[in-house]
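Structure incoming, see below.
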Amino acid sequence: MFTAEDKAAILVEALPYIQQFYGKTIVIKYGGNAMINDDLKEKVMQDIALMKYVGIRPVIVHGGGPDITGFLKKVGKESDFVAGLRVTDEETIEIAEMVLDGKVNSEIVNLLNRRGVRAVGLSGKDAGLIKARKKLATVYEGEDTKKVDIGYVGEVEQVDTGILEDLLKQGYVPIIAPIGVGDNGESYNINADYVAAEIAGALQAEKLLLLTDIEGIYKDFNDKSSFISTLHLPEAKQYIKEGIIAGGMIPKVEACLTALEQGAGKTHIIDGRLAHSIILEIFTSRGIGTQVVR
Amino acid sequence: MFTAEDKAAILVEALPYIQQFYGKTIVIKYGGNAMINDDLKEKVMQDIALMKYVGIRPVIVHGGGPDITGFLKKVGKESDFVAGLRVTDEETIEIAEMVLDGKVNSEIVNLLNRRGVRAVGLSGKDAGLIKARKKLATVYEGEDTKKVDIGYVGEVEQVDTGILEDLLKQGYVPIIAPIGVGDNGESYNINADYVAAEIAGALQAEKLLLLTDIEGIYKDFNDKSSFISTLHLPEAKQYIKEGIIAGGMIPKVEACLTALEQGAGKTHIIDGRLAHSIILEIFTSRGIGTQVVR
Amino acid sequence: MFTAEDKAAILVEALPYIQQFYGKTIVIKYGGNAMINDDLKEKVMQDIALMKYVGIRPVIVHGGGPDITGFLKKVGKESDFVAGLRVTDEETIEIAEMVLDGKVNSEIVNLLNRRGVRAVGLSGKDAGLIKARKKLATVYEGEDTKKVDIGYVGEVEQVDTGILEDLLKQGYVPIIAPIGVGDNGESYNINADYVAAEIAGALQAEKLLLLTDIEGIYKDFNDKSSFISTLHLPEAKQYIKEGIIAGGMIPKVEACLTALEQGAGKTHIIDGRLAHSIILEIFTSRGIGTQVVR
Amino acid sequence: MFTAEDKAAILVEALPYIQQFYGKTIVIKYGGNAMINDDLKEKVMQDIALMKYVGIRPVIVHGGGPDITGFLKKVGKESDFVAGLRVTDEETIEIAEMVLDGKVNSEIVNLLNRRGVRAVGLSGKDAGLIKARKKLATVYEGEDTKKVDIGYVGEVEQVDTGILEDLLKQGYVPIIAPIGVGDNGESYNINADYVAAEIAGALQAEKLLLLTDIEGIYKDFNDKSSFISTLHLPEAKQYIKEGIIAGGMIPKVEACLTALEQGAGKTHIIDGRLAHSIILEIFTSRGIGTQVVR
Amino acid sequence: MFTAEDKAAILVEALPYIQQFYGKTIVIKYGGNAMINDDLKEKVMQDIALMKYVGIRPVIVHGGGPDITGFLKKVGKESDFVAGLRVTDEETIEIAEMVLDGKVNSEIVNLLNRRGVRAVGLSGKDAGLIKARKKLATVYEGEDTKKVDIGYVGEVEQVDTGILEDLLKQGYVPIIAPIGVGDNGESYNINADYVAAEIAGALQAEKLLLLTDIEGIYKDFNDKSSFISTLHLPEAKQYIKEGIIAGGMIPKVEACLTALEQGAGKTHIIDGRLAHSIILEIFTSRGIGTQVVR
Amino acid sequence: MFTAEDKAAILVEALPYIQQFYGKTIVIKYGGNAMINDDLKEKVMQDIALMKYVGIRPVIVHGGGPDITGFLKKVGKESDFVAGLRVTDEETIEIAEMVLDGKVNSEIVNLLNRRGVRAVGLSGKDAGLIKARKKLATVYEGEDTKKVDIGYVGEVEQVDTGILEDLLKQGYVPIIAPIGVGDNGESYNINADYVAAEIAGALQAEKLLLLTDIEGIYKDFNDKSSFISTLHLPEAKQYIKEGIIAGGMIPKVEACLTALEQGAGKTHIIDGRLAHSIILEIFTSRGIGTQVVR
């Protein structure tokens, strides 16, 4: 238990950080454990509300893989995976969109509105926010690779920030489901890390925070002492090339690089399993996770 | 086939109607056949786009009963009905919300955006748009009636028009799924006619248009000559009391009365099975369907 | 006679054109038969009103030669002409200005206001709209040409668009009489085609429409098959040089070139003798007349 | 000749008056000698420019009777007068409008623009500024009076100040010709004193100044000592009733009463034959003429 | 020492208070020990900066008695006191104003600007902020009282909030020295508690905080258990009448009553000797001191 | 004595000057005799009020050396001078700031507010207006010079015009005391001529007026015929180099050069001992003093 004096002192300690980020846009990729565990979920909502109230403009992009899998199972639909990506036929994309937009997104919107934050749910369809195109999966066949069509899995072609800027200007918090629209009006499911990165870039955001289920990046995953606090852009590219950054870390780091190259200020891969990880990163001197910077 | 001169003449003929509704808000309940038949759907989208481009501010509220039924069937869930209302348990409301918000709503948004209209999908959760409460079903037992709890079926408690006004002011077309939020953050499925009526009232809309699958209201359904073109508010109440207006017509007429009593200008029950029924009603001298007025 | 359904279909057909010109400025030179024939006059007013109501910003420049001639006759004043231009002494310019500004202009303003369009009459004097200088007539003497002073006939020196932009921004339709002001405050009568061209250029208008009493431009006036639908800027200059474009067509085409070179989007020489020629050109796929483009 | 020090002292003396009228609207009826004599005309323009530059919002309404008479003579048209009002047939009103709007008005506009004031000429037709109706002449036959139709002579029915407020807000000086529009679009010539009064009332102007060719009002015209400096509203009505105010003074005083009753602050009948009479009235302690106040 | 997680939790705990006061105006009377002790001074500045950064609009009114006394001593000027008020001759008010405006005020402004808060120093003279009049001292002579003129000691006659509202709207923090201006331009020294109260009232502030050197109000000063946490307006008046509130507490409580009666929300007498007393009061559940409410 | 007609004529004569400076910013260094003599002081206030009321945006920077000296004497503090600059220890700067900000500045503010001008007093501390650094005095030792630390005497490092622009935009007149703030929050006394110059430059002012106690600049101070009306920038630099401009004139001319080089339009060294010298310079054809121009 803390005394009121302790509390006052801690609030004051946060002041320089509040000053630093006043009026700035911070994009958060919300996913993983922090979206499943009810207690963590509650704390993420508090963090976003606090950001908003001290003058930051948060923009949330969420994932939803587990919910999609759960719902597909419910309707008795099994998915094939190619190179770790779900083969997404017409029925699958329809269900994915329903789950992402009609369930996951609207639940986040609801939780924030109940905390006095005026949140508005969007998908990439709203006001043409995310233009997408098909993304082929890369399959390794011995030494060679080939590109395989796995259906309605997409990548961001263009972000039209109009609706985001209009909403931010009027004090709303946009919550974005990672659905994009193709040239013929078809929907694509897009990796939420990449969507968050593209949006952070398009908005020239101050920061991109990726909430993950790891502590950050290690040079050698088995050696805790090899933890990387700060990774510079050229270094990060080198590490990917050399295979030091591999597996599930690749999309995270690539997302950071994309955001930086398009004009975001700083990017952070942080551990969403920690309570209040967002506040820890933004409002205290304790950097958590790995920051990828220019 | 029409000559260019014919076309010019017809455009000019629409001028007085364009003048009359310039800058005015018109709420449209979109449902029934016009939402199922692909050709009609296409024409409704054209009508909304035209409205928008000649300076009207359209607001769309849609239903989606058949889609919900279809999806429940898909997951093997059967519904009971009480007094014509679906008994809606937790699983059902979750699916209803996904279908309405993540499928029906986003499809309409997409169709309009592809026509150059900047549409934004909303549910009653976004920015606290629709506060709702549970609605009990009324069951007749002989001469008596009793109220039955049928789960997450709701009615509008309050409309917060903030987000609608902000979007309209900036030129967006709001598309609204008929989901409301209760005191504890729970979702309610609400009859879209009533949602449209409450929103028309709260926005002090110029007009409320209800797209239905009938031609309008008859004093005697079997006598085509008893068609009612204009129904005044007190008369309408009288007819409901006397049973002249009955069955499926009751919610339609009640929606009109609600909208009128809360400040909407005029209300219209029109036949959505007609191609371009919205344009016919708004831009030509041919009144279609039944108008309910003060 | 058209059915209401036909009418709706035709309105919808105009939608892409409405979208294309939404918020754009279109300058119309109004003159010739369309200003004399009462039925055509009525239809031009309807066309302008329609443009305004679907979100276009029309700017009208009118001529008035026949009215000036009529009035001069009334006061018993005869005019000499040099190279087709009226020799304009002090008394003549006074009468010309009275007729253009006090009769022709105010009649157009009145007709539009009666159709619910808020029109405001201007001459080049208002808020310094048109700065002018004397224009000498070119007279051919055998092989040589000489410049002859014919009094208060002028050409545009500079357009100050301030008042136009202020009025357009507030939703008014400016109606402009082709009178300019010289360095010493003296008035000049200026060819309305040129005034319209300079204003279209200064406003960076989307389109300039010149209403004329011909169908458009022919390579050979006696061969109907030689009609030119589209004329490109370099070609147009070439044709003038070669004498293919000659006589009364020269000022029309020169006006188009001036507008294009100063930044107007497209220019059109259309047949004002056709009913609703403006709407035909703007809102239907039927191009009428000759367009002169970059 | 004054020293620079004298001049500075005089400017400073005007300061309290400048403060008092900063941002206020003052309507001036401009007519009589001040509009004929070139030197006076020049000085009126200087006065208006000064008003504008020290932050006052002047609105000018002008007459033009002598010019109309002159022009009618030119076209060989003779006028009958009934009860001092010109019988105004269709040809006469056309000429009156041309002279007022196309000559007198545009000359004032031009003179002001040349002094760096952005003046814009208006007639009652522009943007529906003055709605008018026919005014019958009152003819005395012995003890009785009868009403006689004298054609297109009108009175103000309604002033729509929209265009005036839009222009004033953007720093323009509106110059208004006393032409009104009837229900069928017909023009009416209206007494400029009354037009100025109605406009002063509709704008809730701080002051109405009527420039006349007399020194002000006398109780007994032959007794210079009976000059009235200040006349209160009830007194003024009494004097008219009793015939103390008679003849040409009646419309002047009635105009003042109309302006006051509709909300103007103060009204002044001043001697336009004095150089800089406007400045004398507004910026010095020397009241000139007769003020009619509430 | 706190862990980062503790800190995050505490920040989140402050969220409801941040929400509650977002965009609200809070007037703080800054004086006493908190203005003398350097450590407390530092903490008050942190508190004000924090308030500003979380969206509150703070307005500071400061005292400065000890500094005035110190400076008077420096110039060898001794003060008489009547009824606890300094007799203030011309020389004294001049020095008081110099000290308050030129030393105390500018030091606070400087401290805040160095923390990134844009503070602007004002006295009651700036833009006519505080109109004052002479306040006579009340002297008891046995049972009777008499009023004694003690020079340039004043009371607030009127607050013109224009400059405050303009500065607050643009994000500045106004720091106000308690000097008022009389009818003849003479300065008055006014009790800062009363100035803060009048300003809180005039701004319809959410709260008035008076920083004092006591813990709050006791019914019986010798009985710590008689501490009053909340005092209602009628009760407070009663206590003053009955002498329960007496001595130095009277002006504090009267200031609270004045603020409440003129429209401030709540008032608080808090202990400025506590570190971060402002934050404790505003951002934690621990109410400190005595609140005086309606 | 002047007739009202004379007065009107003189007001009109000022019109071109009023037009020329409408909306322009003019910075005035107020000091010397004009700040001591009560009659001159009164006239300067009238001049500033007039400027403001005819649409000019005046900004006043004042000195106050004699008042500081007087007050130091009062507290028995003697000052040393090095190279004409007061050695300024901590006690001295504290008193200087109190006198400048708390006495001289607030007196000017008060005088202007009483004339209906909304003046706001500022020092360089307010909203970080003037960032300063220490200025060393230059002492000549035979042929050499050395730099001597004389305490809290400063020079302008940077002007942050934010607060000035915000106040000017809202119609206030800023009155600035020449105090700057160093990196560690310490105050510096700065020569007011230089402060005015830097502010004129930073605001891109139309004019800088320096009120001095001389008639202007002479090539040879003993030869009245050598008066310089206009001095061009390169010439001025040359004259300083050659010693033609020397002594107390150097800071005046250097201030002019600084203002010009940073973007002010014109600069004037005028004789503040003349009544209404500001008005004479700005509103009449009589140039007074010496203008230093680009």
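Order of writing sets the chain letters: A, B, C, D, E and F. Residues in each chain are counted from 1.
Keep in mind that, in the parts below, a contact is a pair of C-beta atoms (placed from the backbone, for glycine too) under 8 Å apart; a residue touches a chain by one contact, two chains touch by 3 or more.
Listed by chain with UniProt protein names: A, B, C, D, E, F = Acetylglutamate kinase.
Since the structure is predicted, the reported quantities are computational estimates derived from the model, not experimental observations.
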Intersection of contact partners for chain A and chain F: E
Rotation, 0 to 180 degrees and nearest 5, that superposes chain B on copy chain E via CA atoms: 120
Chain pair equivalent in interface to E-F, over half of contacts matched, among B-C, C-D or A-E: C-D
Rounded Å distance, chain A centre to chain D centre (Cα mean): 70
Chain A and chain B: spacing of chain centres that average the CA atoms, whole Å: 36
Overall pattern in which the protein chains touch one another (line/ring/star/complete/other): ring
Circular arrangement of chains, read from chain A onward through chain E: A, E, F, D, C, B
Touching residues (chain side chain D, partner chain F) in the complex: 2, 4-15, 18-19, 22, 43, 46-47, 49-50, 53-55, 115-116, 274-276, 279-280, 283-284, 286, 288
Contacting residues of chain D [partner chain C, same complex]: 74-75, 94, 97-103, 105-106, 109-111, 113-114, 118-123, 125-128, 162-163, 166-167, 170, 172, 179, 181, 185, 187
